[in-house]
Amino acid sequence: MTDTTALLRTEALTRRFGGLLAVSNLDMDIRPNEILGLIGPNGAGKSTTFNLISGFHKPTAGRLFIGGRDVTGRSPEQISRLGLVRTFQHGSLMRGMTVRDNLLVGAVGALPQARGEPRRARVAETAKRLRLTAYLDERAGNLPHGLQRLVSIGIAVATGPRVLCLDEPLTGLNQSEVAGILDLFRSIRDEDGSSILLVEHNMKAVMQVCDRIVVLHHGQKLASGTPAEIGRDEAVISAYLGKRHDSH
Amino acid sequence: MTPTELSLEITDLSVNFGVVPALRGVSLALRKGRIATIIGANGAGKSTIMKAVCGLVKPRGGSVSLFGKPVTGLPADEIVVRGLSLVPEGRRLFGSMTIRENLELGAYRRKDRLRVGEDFARVLDYFPALRDRLSTPVGSLSGGQQQMVAVGRALMSAPRILLLDEPTIGLAPAVVDDIAGIVRTIGRSGVDVLLVEQNAEVALSIADYGYILENGSIVAEDESTALARSETVQRAYLGI
Amino acid sequence: MDNHAILKAGAPAVLAIALAAVLPASYASNLLNWIAIAALIAASLRMVLLFGELNFGTAAFVSIGAYTAGLLTTRFELPFLAAILAAGVMAALVSILFGYVTLRIKGPYFKLIGFAFAEVVRLCCTQIDWLGGNSGMVGIFPPAGLDAWYGTFVMTVVVLMLVGLYAVERSDFGKVLTAIRDNDAVVRTVGIDVHRAKVICFAIACFAAGIAGSLQAFANTVISPGDFGVLLSIMALAYLKVGGEESIFGPVAGAALLILLGSVALSFGAGEHVFYGAAIVLSVLIMPKGIVGMVDGLLRRPGGPAASTPAIREARGQ
Amino acid sequence: MQTALQIIATGLQIGAIYVLFSLGLTLTFGIMRIVNFAHGQFFTLSALVVAVVMPYLATAGLPLPAAFAGSAAAGVAASLLLGLVTYEWGFKRLQRDFVGSFILSLGLILLLEGLYLDVFGGAVRSVPPIIDGTVSVFGASLTSQRLLLCFVAVVLTGLLYAALAMTPVGKALRAASIDHEAAMLQGIPYQRIARHGFMIATLLAAVAGALIAPVSVVTTTLGSDYLIKGFIAVIVGGLGSIPGAIIGSLFIALVESVGGYFFDPSRASIAIFALVMVVLLVRPQGLMGHG
């Protein structure tokens, strides 16, 4: 695979729930070494898109490719093993376990064959990177909210993903915590050469950190482009503020 | 302003989910005869305010009072009896039951059967589309019709205060207009309305005044016309 | 495992084996046998609980172990140790089939279907003539030379099995199981096959149950379908609930306490069912963490709640 | 043809008891999201009380039907009292705690069965028949007693169905089992409704127990035999579904009567289990369940 190929690509991805078209004809791609923002008002279909590309929902129509390979209909486990790892909006961590064991689960997923040492090394390295080393033996559920978010991201980072999909990782964090996580995102992109798909409501952060943004509205792609382009887009502004527009 | 002019008063309300703070000392008030709105982005804590007021979520601190009487910590069914009704986010209708049954359940605790009949007729006047389908299970209705049933069900308890949580979400523009019109009518009929909306334009066009919620705290409060012009709204939604 | 843990677990284990060795054949040594076997069954139940499921089919797997050992010894005259091993393997094989189907199902069905399975295995035993039908099997003797040492043997096997289960629990695989109970969606997102992990854990637990069954068959020398009713699963649950499910010592403490108290209570003429039933009801309502949890709580109290360690206080103070 | 009718008739009369049993189980699950394995103990208590009180009333000179009515009332009352005690002190605190309530109910099974044994003794009791004779329905012969039992079961099921469909409390019960929070938002007092639901379930089991007493031998473990079948019926029908419980019960009863006719009852039970496994493989949420 060359650098120009998309890591992940969707082709007319569609998901229907009863009468509701949650995601409709979505074409989207994630390229190597980029942070892609996926934004849109409440109910725009972001969560469904996330569930579709991570295999938790099966698409009603359309196709999903990872690294050029058709993976439509694969299970979440299979998709994860191809390098796409996601987090969940409401805490993707094991609250009853220590931070060390939380990260270990990620390491086990990444290194199914290795025993002992390589996994411990992966845990230590991930902890260092997320500045969690001091908390390795704490029960994750006892940690303050910001650190719990870091643990969630840490589990995914420990798997060494090629595409890291984060569902609202910044909710409820204070400004300095947000800044720290944004630095981490950049280092994942620049040092690991991985890509990030970011669903986030903190628009300021999205505008700061993303290379490219896709805007969803009523399950469809409303706009895509650089943060600057999106910030100027009339259709996007009206979608957010609820004004009428006739973009389609 | 004397307390008697307030139908609903929330003082310094805090709610945590586990260790996660969802609301941090929120204070707001609903004035008699007016429509208020809380607007803010996803995850700001709008629904949590609604749930805490209705008794579905136990607050960590602060108080809620209705017509000057504290109701903090009462179970949800007792709050309804005291004159407050919520149209919950996602409607939460009883899907396998008919429109008629859903509406009847709204009046479960009422003793004034005669008035219940009148209210039933009034709800059907508000939403004529429901009239011909009273025996249809609500699960098979369209989103807009379901929202009508949800609003109608809440009105059947003859509330003096009506809370609406994201009533226009996922609805087609024409239906959004219908719902907005009905909410204004309800407000004029003597019910005090508190509206939570993600769609700021619709919210501010319905409400007399509004609050902006960011990250669990109220950051601004003003008349709707002023809010509609303000930079704060833009910032709350777009972060620009 | 650090030195402290080895001491904490090793000392009671050695003591238990020594106790079994010095105790002459008597009511007391029988009691010790029962406690050891019951503890192993309860530990098997707890193993499945690691990933958050209650295995009420436990009785079925104990009976599969007992019948396998009985059949191989009386009909095929297989060596004693081979029969015991085969009992565990047979139970594990059946559990893989059963678990593969039932562990995929979300919700309460696994628990309910376990009950039905135990009942059906019992019914099957009554129906199959070469298993002895209703009257069961007799003459399942351990080798003559081992007779006097059978109690020691049982205790040794049980201790080894418990150590093995503990090792699994402490391994990375054990951590994955606990993670599945806590948040199975996350485990799926890192690429681990949750269903497969559950089936493997279930098989390990049922292997232990099968071994326990074979030990029981040799201890009693007689087995019949009535020994393996749903009641056996409920008793195992009682040991686990009373002892506490958070530590491997829970099932052991629960089995020891309930069997000892039970035998005292029985000597006063109280009904066995009333005793065990009351024990479960009271432990659910009064001490949901069991004896071990309660003792742990008492020991920790002086240090204050575990939640405020220095590291967390520092993090909160930021 | 004759045989087929007889098998169906037998199936229906076994099914009548299963229906009463599984309706209670499914109702409790629907409203409180708990599984009460001790449900069978309500059934047993009522049968035991009938078996003890009825001979006493009969020897005191009451005509048999009156003696039965009196003892049945006593049995149902005893079960309801037991239900109330277990609810108030136990299940009320464990609502929506599936595992906790499940374990509690298992403890109750042992405790109550042991207490019954202490109080009523281990002897097998039988109750004199209230009405004699057999009735021929389309060529299938049924004892009048069993016909009465079926009749009462059908009436009770019909009443329950009608109450759930038409009365305000019935609608509140249904609403609470769909979404208990949304129900509370309508002013439906969930706690009170949950108690109503639990007591209705107890009542159904108690009536079934009183009815079974004259047509079966009464032992302290009577309930356990019906319990597993009742549960399998609910699993097949889908936990929480009322029509599912009825269909599941009749299905299990028919399989049992067919199997019992051609083979023997134990094999029929094994066949039922095999069928349940198949149902769960194909439709994990049960026949009528919604997942």
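By letter and in written order, the chains are A, B, C and D; residue numbering begins at 1 in each of them.
What we mean here is this: a residue touches a chain if its C-beta (ideal position, glycine included) is under 8 Å from a C-beta of that chain, and two chains touch if they have at least 3 such contacts.
From a predicted model like this one, the values you see are computed outputs, not experimental measurements.
Student: What's the chain with its C-alpha centre farthest out from subunit A?
Tutor: D
Student: Indicate the whole-number Å distance between the mean C-alpha point of subunit A and the mean C-alpha point of subunit B.
Tutor: Here the centre of subunit B sits 32 Å away from the centre of subunit A.
Student: So the centre of each chain is just the mean of its C-alpha atoms; given that, what is the distance between subunit A and subunit D in Å?
Tutor: 50
Student: Which positions in subunit A touch two or more other chains at once?
Tutor: Only 95, 142-144 qualify.
Student: What are all the touching pairs of chains?
Tutor: A-B, A-C, B-D, C-D
Student: Show which residues of subunit A lie in contact with subunit B when the two form their complex.
Tutor: Contact set of subunit A toward subunit B: 19-20, 41-43, 95, 141-145, 148, 168, 171-172, 201-207, 231, 237, 240-244.
Student: Quick check on the complex: what are the subunit B residues that touch subunit D?
Tutor: Against subunit D, the touching part of subunit B is residues 54-56, 75-77, 80-81, 85-86, 88, 92-97, 101, 104-106, 108-109, 153, 157.
Student: Which residues, counting only subunit C, touch subunit A once they are in their complex?
Tutor: Interface residues on subunit C, with respect to subunit A: 172, 175-176, 178-179, 181-183, 185-194, 306-307, 309, 311-312, 314-316, 318.
Student: Give every residue of subunit B touching subunit A within the complex, in rising order.
Tutor: Going by the criterion above, the answer is residues 18-22, 41-43, 142-143, 166, 169-170, 173, 197-203, 215-216, 233-234, 237-240.
Student: Where on subunit D does subunit C make contact in their complex?
Tutor: 35, 89-90, 93-94, 98-100, 102-104, 106-115, 117-118, 228, 231-232, 235, 239, 266-267, 269-270, 273, 276-277, 280-281, 284-285
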